[in-house]
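Take a look at the structures listed below.
Each of the two complexes below includes chain A, the first together with chain B, the second together with chain C.
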Partner chain A sequence: MKIAGLKGRSPETYPSPRANGLVTTNSEVNTNPVALTMTQANLFGAGSFGAVPGDKVIIAYSGVISAVSGSILVDVSVVLDNAVTLYTLQLEVKAATVPLPFSLVFETPVLDDTLDPHAITVVASTESGTATVAANGSVIIIIIPS
Partner chain B sequence: MSKVAGIHNKSPETYPSSPVKSNVLETLRGVNPSAPINGSFASILTSLIMFTPSVAGAYATVLVSGFIESPSPDGEMTLQIVLDPSGSDIVELASTFEVHAAGAPVPFSMVVRTGSLTGPHSIDVQAKTTSGTATAAGISVVVIVTSA
Partner chain C sequence: MGKIAGIRDRSFETYGEKSGQPTISTQSVVRAGPFTNVVTPFSLLPSGPIEAGGSGGRIIVMVSGQLQWPNTMETPAPSTCTVGIYLDGTLNYSIQAFVPIGGIPNVDLPQPVSFSLYWETATAGAHEVDVKVTPGVSTDIYAANVSVVLITTPV
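On to the complex of A and B.
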């Protein structure tokens, strides 16, 4: 018996790959400088990206840190639900007017059902109080259903 | 002119072939808060990232980020992404970074896509210093396995 759409295939012999390909991608570019202090500041202009329990989320972020005076340590972190720090990258701006480019990649574990939806943010803070800004931020979020 | 099968609604001269569409087969991750670096290449991951693509001819896109600190200034380090370190041991990408001063972390990131893969494979990220010792920290690796 012929089955439409199965020409040249035997579904029993060649099962389809797991349908994990239906990813959702999101992106944002924040050209506005974000002032950094010792309190974590959100680097997204639009707040956060959402994902639901069962998803995994890949975060790719690139940007630049600059400072008014040099030798400032900055922590850039991926945060879940505005509460749980999943990943932190520590950077140092060595001198004023010497911007430091950086990028990070991170994949979350499978998100649980403690919240629905979950919120993903990328935040930054300084380890001292001198004026510092994050600029030219670009983020790509890939949400993968499990 | 006779009809040609497979080009319905397409003019191959005007519209060249579309990019190959790929299906995400799986994603894998690795994180390591800290790893020492010395004069010989050694893994900076807690364990190899191992996978077996569910279809033959898959590709792995590898993304790595982290930062390097050195207890002594002017330290040079080489990082490399290695496919199958216990087998074919293919260096997919290597890059050298320099830490200019003690206590001054240097961020790094690397991205590379492997060639076509079949069967079980592993991915490692390795590092070594040119001299002295250093520390890699905040290491994060994401591997995206796609069908094409």
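On to the complex of A and C.
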């Protein structure tokens, strides 16, 4: 017998949330430092976040960047499928040992069907070769089906 | 089994489901810029205010971007800028960001100052949402890489 008010709470009666039409979230934290150079580095190691054609994805990221020495410009970007830079925020780390906290938010357009699934990453690179470190990154991914 | 009052949208067997309908709606814009000659107050949106929300929804506004002096500015000065969220033309929430002097034009780094705002309307309703910056001492600050995401959530 099904009982009112138990939807989503009784695995036997309602086995799982329905993916279609429901907003889903994903998140990741990386407390390890990520060394940055002029080549884009994934701020979450080799990992990426998946979404399927027809989805829109909101990416909210916060973290800290610091420089090993000197003042330097850093580009933090949201990248689709390891190829397309969707959004970039430019930061300046003022000096060595001066951590710079920052955050960004971005929503993708509706993802097309050129790939299934798509991969979303948050990457960073420097505008010059000075070694810089990003750490304590936290990202929240909100996937909205259309 | 008959229908029971008070369980609409809670029983798939009795009422089915709202298939394919997300529980929230979103809108977003990006304005890469840089856009110069920022006057007071200057909208950071590419096409003016965004109509969002509705009678049954509140609006979460999330913004990120950067402010700085143009690297070619001859005589920049420190400026405390105010970045605010406007509903129907009225400022509702703001933060301040200090934009330092850019140093020697075309030599020193332009010193971008990143900022973010997260805010939600207090009550349900439709509004025109704008994000504007007000420079403290000059109209020559420039802004760039502005991203705005609006999430309308049912109350």
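We take it that the second predicted complex is superposed on the first by the 123 of 146 C-alpha atoms of A that agree within 3 Å, B and C clash if a C-alpha of one lies under 4 Å from a C-alpha of the other, contacts with A are read in each partner's own complex, and residues count from 1 in each chain.
Convention: contacts are C-beta pairs under 8 Å (C-beta built on N, C-alpha and C of every residue); 3 or more make two chains touch, one makes a residue touch a chain.
Just so we're clear, the structure is a prediction, and the values are computed from it rather than from any experiment.
Engineer: According to the stated criteria, A:145 is in contact with first (chain B), second (chain C), both, or neither; which is it?
Structural biologist: second
Engineer: Is A:83 touching anything from chain B or chain C once the two structures are fitted on A? First, second, both or neither.
Structural biologist: Neither: A:83 stays clear of chain B and chain C.
Engineer: Specify the partner with more touching residues on chain A, choosing between chain B and chain C.
Structural biologist: After superposing on chain A, more of chain A is contacted by C.
Engineer: So chain A touches chain B in one structure and chain C in the other; where do those two contact lists coincide?
Structural biologist: Looking at chain A, the two contact sets intersect at 18, 20-21, 23, 56, 58, 60, 73, 87-92, 94, 102-107, 142, 144.
Engineer: Across the complex, what residues on chain B touch chain A?
Structural biologist: 22-29, 31, 54-55, 63-67, 100-101, 104-107, 109, 111, 137-138, 140-142, 144, 147
Engineer: Using the touch rule from the top, collect the residues of chain C that touch chain A in their complex.
Structural biologist: Per the touch definition, chain C meets chain A at residues 4, 6-7, 10-13, 17-24, 26, 28, 30, 62-66, 109-114, 116, 118, 144-145, 147, 149, 151.
Engineer: Which residues, counting only chain A, touch chain B once they are in their complex?
Structural biologist: On the chain A side, the touching residues are 17-18, 20-21, 23, 56, 58, 60, 73, 87-92, 94, 100, 102-107, 109, 142, 144.
Engineer: Looking at the complex, which residues from chain A come into contact with chain C?
Structural biologist: Counting only chain A, the residues touching chain C are 2, 4-5, 7, 14, 18, 20-23, 56, 58, 60, 71-73, 87-92, 94, 102-107, 142, 144-146.
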